[in-house]
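What follows is a set of structures for review.
Presented sequentially are two complexes of chain A, the first with chain B as partner and the second with chain C.
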Partner chain A sequence: MVQSKKQRFLFLAFCLGPTLLVFSVITLYPLVNGLYLSFFEWSGMSIEKTFVGLANYEKLFNDPIIPQTIWHDYFLVVTKVIGIMVLATYFAVALTQFRIKEAPFYRIVFFFPNIMSVVIIGILWQFIYNPDAGLVNSGLEAIGLEEWTQPWLGDLNWALPSLVLPSVWAGIGLFMLLLMGGIMSVPKSLYEAADLDGATEWQQFWRITVPMIWPQIRVSIIYIVITTLNGSFIIVQIMTRGGPSSSTEVMGSYLYEQAFEQFHFGYGAAIGMMILVLSLATVAVLQLVLRRERVEL
Partner chain B sequence: MRKALMQTVSRIPLVVWAVIVIYPIIWMFLGSFKDYGEIFRSPWALPEAFEFDNFVQAWNDHGIGRSFVNSLLVTVLGCTLCMLFSLPTAYAIERIRFRGSKVLFNVYLASMMIPMVLGWIPLFFLLLQLNLLNNLLALSLIYAVTQVPFTVFILCSFLSGVPRDLEEAAAIDGMSQYGILFKIVAPLVTTGIITASIMNAVMYWNEYFMALIFLQSDEKNTLGVAMDLLANEAEYTNAWGALFAGLTIAIIPIMVIYAIFQRNITKGMTEGALKG
Partner chain C sequence: MATVTFDQATRVYPGTDRPAVDKLDLDVGDGEFLVLVGPSGCGKSTSLRMLAGLEDVNTGRILIGDRDVTDVPPKDRDIAMVFQNYALYPHMSVSDNMGFALKIAGVGKEQRAERVREAAKLLDLEDYLDRKPKALSGGQRQRVAMGRAIVRNPRVFLMDEPLSNLDAKLRVQTRTQIASLTRRLGVTTVYVTHDQVEAMTMGDRVAVLKDGLLQQVDTPRRLYDHPDNVFVAGFIGSPAMNLLELPVVDGGVQFGGTTYDTGREAIDAASGSTVTVGVRPEDLVLTAEGDGLAVEADLVEEQGADAFIFGRTIVNDKSHDIIVRVDGRRPPEKNSTVWVRPQPGHVHVFDATTGERVGD
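So, the complex of A and B:
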């Protein structure tokens, strides 16, 4: 290609410049500024910000709500990882290896909630949990388990576990597809050899499928953890607003409340930093833990 | 015999989950045709009559129509802007050798892992200072930029599969690099552009939290915020029928898109997750 250095530079600038500029202003600057803001006390109303050093972080460590929000977030992380991985793995295996004729139907249906608005999901599940007319309670009554009926989302102990099912419902399809992709790329000869050796299907699953799709399993788990720590507050905000009496408050919803409802923007930014640090640390630990079991073929 | 039994048993979880997924959606459709009394009197039955009163009410009286148009605007504008930002960057990263290309790629990659909430506070005040709060164009721009990393990855992976012959031939014929990018390369990665844009469109159409923070008036609300408001309102006004109609209106475009682009969507999402 015949082109001068200057032309080349101009083209490169044309390709990268505008994007990098808007990306810096809208993504990078806010992150850095978020860190900066966390050292200030600021109501957002006045131009004056008061530098308070680490006071917001001190407040963070002494705030009794914070440990609860962290615990709630990790409760959701663990239950979602278990729920989604168990079901998604079963569905992925069933749809690829059980020779089910209508497999494409299930694949299409199970994935659909992944592209539904979380607002719609939240509202629908509020109705499913509705104490009077909801599906869960009327179902329990229908099979004679009246004493198990609950006000679900209104109950201090049940509200948080009740959020797990909608999250699993909404997330499962993507991971099912990821795992299906992994399973389909496992060489058939492995299973045939195992069959000849008399391995049961259960053994084949643990000895062949799981080790072979371990990369997809790892990615799925990490992806669920990141999206939960960074995004669990959205379903919380829609379904319970953190209530009843902060029994479902997670880090993100607490940040939103502190910053945009009570106008403690500096404190909100400190909570944001905490979310960032916790999610990066969790992912780092997971990478380490999940990396060990690797098979070489 | 045993095999047939196993087949049936292994199907049970699939059937149960399919019901759990489909039932609430059907229920929402049916509810959108019922009036208040009917929803609570016979929540599981078919509606007594298929009338569209709820839809008219949701569209006109509850602001769903207005927010439908707003959502359409931010979705289309967001997708267009995102593609204009992402395609040249992806092309440069994938095809032009320059120092720092790997670093740039990794900066975009890493930003996908960072919680957006942290950025929302400064972004809110940035928009406030620029007098761009409650502005649908500003929201579209923000949407566009938030999806740039994802879109760059998808496009890079499609670009890496396109042979360079055509570009080289065009360069020998004296076509400028700009011409090559827009007239030769862009058509070659149409599938990638569609895949990424569909994914982005679904994201923008469903987005709720940024719209909640950055939009401040009923006239500007997008569907996510409008539905949430309507749901809260319904607790006092009992406008459940209108609420279900609103949800149905919001979900229909997604269903149509899914029906048409099912393959692109599943491919785009799995690739995005694998890279991210």
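So, the complex of A and C:
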């Protein structure tokens, strides 16, 4: 269809205008405002803001809690990526390749946590970890492993690892579906050819399935990393509130504590900037590491 | 090298009653090029996949050489297969594709490269060894698929419609290349196609299947000249053989105005008062008015050397389509009526009910 230049411009403006507006209001403005606030000392309520220059960043570099929160976040990132990817891939392969009759049922079961609010998941797992009546401890007692029982979320060493399980459990379904989509689009004849070529199921997985679904694997990993760095706050806030004694404090929960509980808004904004920079840097590195030539059929 | 034997091999897909392949008995000689041909759904691909081990054999046996491979996994059958869509590994280079089986088998890098190079030379692929399949043309991909089979030096080649993704011109070229290549290598080949021209030009022998049942297995010439039943008669040859249901009379069959002598045995063997008579378009000759069958020429297709009359004839008040090949320089007018008669010795007689050949 032939369009006049003006028509074309109007159409593009009509499409892009609302997007630009929304993007400006909910992404661009907070970003710039956050950067702006990080140079101030502000309680978040008073009219007065005091310009302090780079003082908040100086504080950031000298705060002994900060390295801990970074380490806790990356601990969650690494364990979640490994846990979710291994299990999601395993289930995706099982549900597509092994001809399980009840596959649709399992697909729903695994996806179920994804339609539940993280708040509910957090509360649910709080019950499971409950030292007295929780499933974990009573289970251990039932099989005679009483010495293994822990206060889990209340233990300095066990609280952070205990957060991994609910996070992984909540994440498997979505990535399983994503990987299943990838696996199902691999032509069946490739596996038949590999069968004839003498490749075992294991070799077929590593030499055909993995390279063929690499784009999905890459997207999954990056997505898990981003959502963990930005969103680990929720599960921490629900289950441990950063405790006991900062042992589960993550960057997000520390930001919340500083800005909204102790009313150091400027410092909170500086932490926010740190999360942004770390997220961007991590994703950039991942993009580079996970880059592979695109496979086209 | 090896022979291949299907011994009453049957495949019934789960959830269906009718076998996809029904008690197939077939012997393929050592070094022979056998073509399986038939319309879609006839069981030709299933038969090939049973031989490959990609499909279960429900009853019966399959042997490669003297070895019963019915329950042997594909990788241990010492066969190589060329798939319809080539099934090249998209993430591997041409040489990796060709060498994959050797790599899995633990063949050393040097030896692997050597064998890949040899096959590439044979197929004119030497310049493309480092490319990925997506950077190749359809014909080149097809050759890589062939190369992957050749590199393994198998006892049997299996080919599942390997030319159907190529354009018409390339298909004709590649057809001859494949036939001469497999003959030169002397490897037993089982080749599946739905294209009867491919079957006739490539096969040492051709097996015709329909509805999971083997109809006839013979040399191309014999299939053409001596079809065992009405299906084979109609399937082999282009344009197709004319099949007319004609009344039996004393001394032969009533061919319009004349009686064609089919011989006593044919008439005796037939079960009814009519028989199905098959005559190829080139075996009909134009005659004088009143002699033989009257044909209404609906369309005359001039192809240069030959012309084909696509017309209708009335037998027993029933209209039959009929095709006649005539001299391309003197074709009859469209919508005219011509009279035709079969050349003696080129008539096929089939039982009108069973469709089996009863004489000629």
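To be clear about the criterion, the second predicted complex is superposed on the first by the 267 of 297 C-alpha atoms of A that agree within 3 Å, B and C clash if a C-alpha of one lies under 4 Å from a C-alpha of the other, contacts with A are read in each partner's own complex, and residues count from 1 in each chain.
Note that in this section contacts are C-beta pairs under 8 Å (C-beta built on N, C-alpha and C of every residue); 3 or more make two chains touch, one makes a residue touch a chain.
Not measured: the values here are computed from a predicted model.
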| said: What does the overlay on chain A give for chain B and chain C, a clash or a fit? | reply: fit
| field | First (chain B), second (chain C), both or neither touched by A:Trp71 | value | neither
| request: Have a look at where A:Glu192 lands relative to chain B and chain C in the superposition and call it first, second, both or neither. | output: second
| said: On the A-aligned overlay, A:Leu87 touches which partner chain: chain B = first, chain C = second, or both, or neither? | reply: first
| said: Per the contact definition in the header, classify A:Phe111: touching chain B only (first), chain C only (second), both, or neither. | reply: first
| field | Which superposed partner A:Trp125 touches (first chain B, second chain C, both, neither) | value | first
| said: Quick check for you: in the superposed arrangement, does A:Cys15 touch first (chain B), second (chain C), both or neither? | reply: first
| request: Look at A:Gln203 in the shared chain and tell me whether it touches chain B only, chain C only, both, or neither; answer first, second, both or neither. | output: second
| request: Could you let me know whether more residues of chain A are touched by chain B or by chain C? | output: B
| chain B to chain C: minimum CA distance in the overlay, Å? | 13
| note | chain A residues where the chain B and chain C footprints coincide none
| Can you name the residues of chain B that touch chain A in the complex? | 7, 10-11, 13-14, 17-18, 20-25, 27-28, 39-40, 43, 85-86, 88-89, 91-92, 96, 98, 104, 108, 111, 113-126, 141-142, 144-146, 148, 168, 171, 177-178, 181, 202, 205-206, 208-209, 213, 223-224, 227-228, 231, 243, 247, 250-251, 254, 257-258, 262, 265-266, 269-270, 273-274, 276
| query | Residues of chain C touching chain A in their complex? | reply | 52-54, 73-75, 79-81, 83-85, 87, 89-91, 100-101, 104-105, 132, 134, 148, 152
| message | Per the contact definition, I'd like the list of chain A residues that touch chain C in the complex. | response | 187, 189-190, 192-199, 203, 207-208, 211-212, 293, 295-297
| field | chain B-facing residues of chain A, complex | value | 1, 3, 7-8, 11-12, 14-16, 18-20, 22-23, 25-31, 33-34, 37, 44, 87, 90-91, 94-95, 98, 100, 105-106, 108-120, 123-128, 132-133, 135, 138, 169, 172, 174, 177-178, 181, 216, 219-220, 223, 226, 229-231, 233-234, 237-238, 252, 255-256, 259-260, 265, 268-269, 272-273, 275-276, 279-280, 283
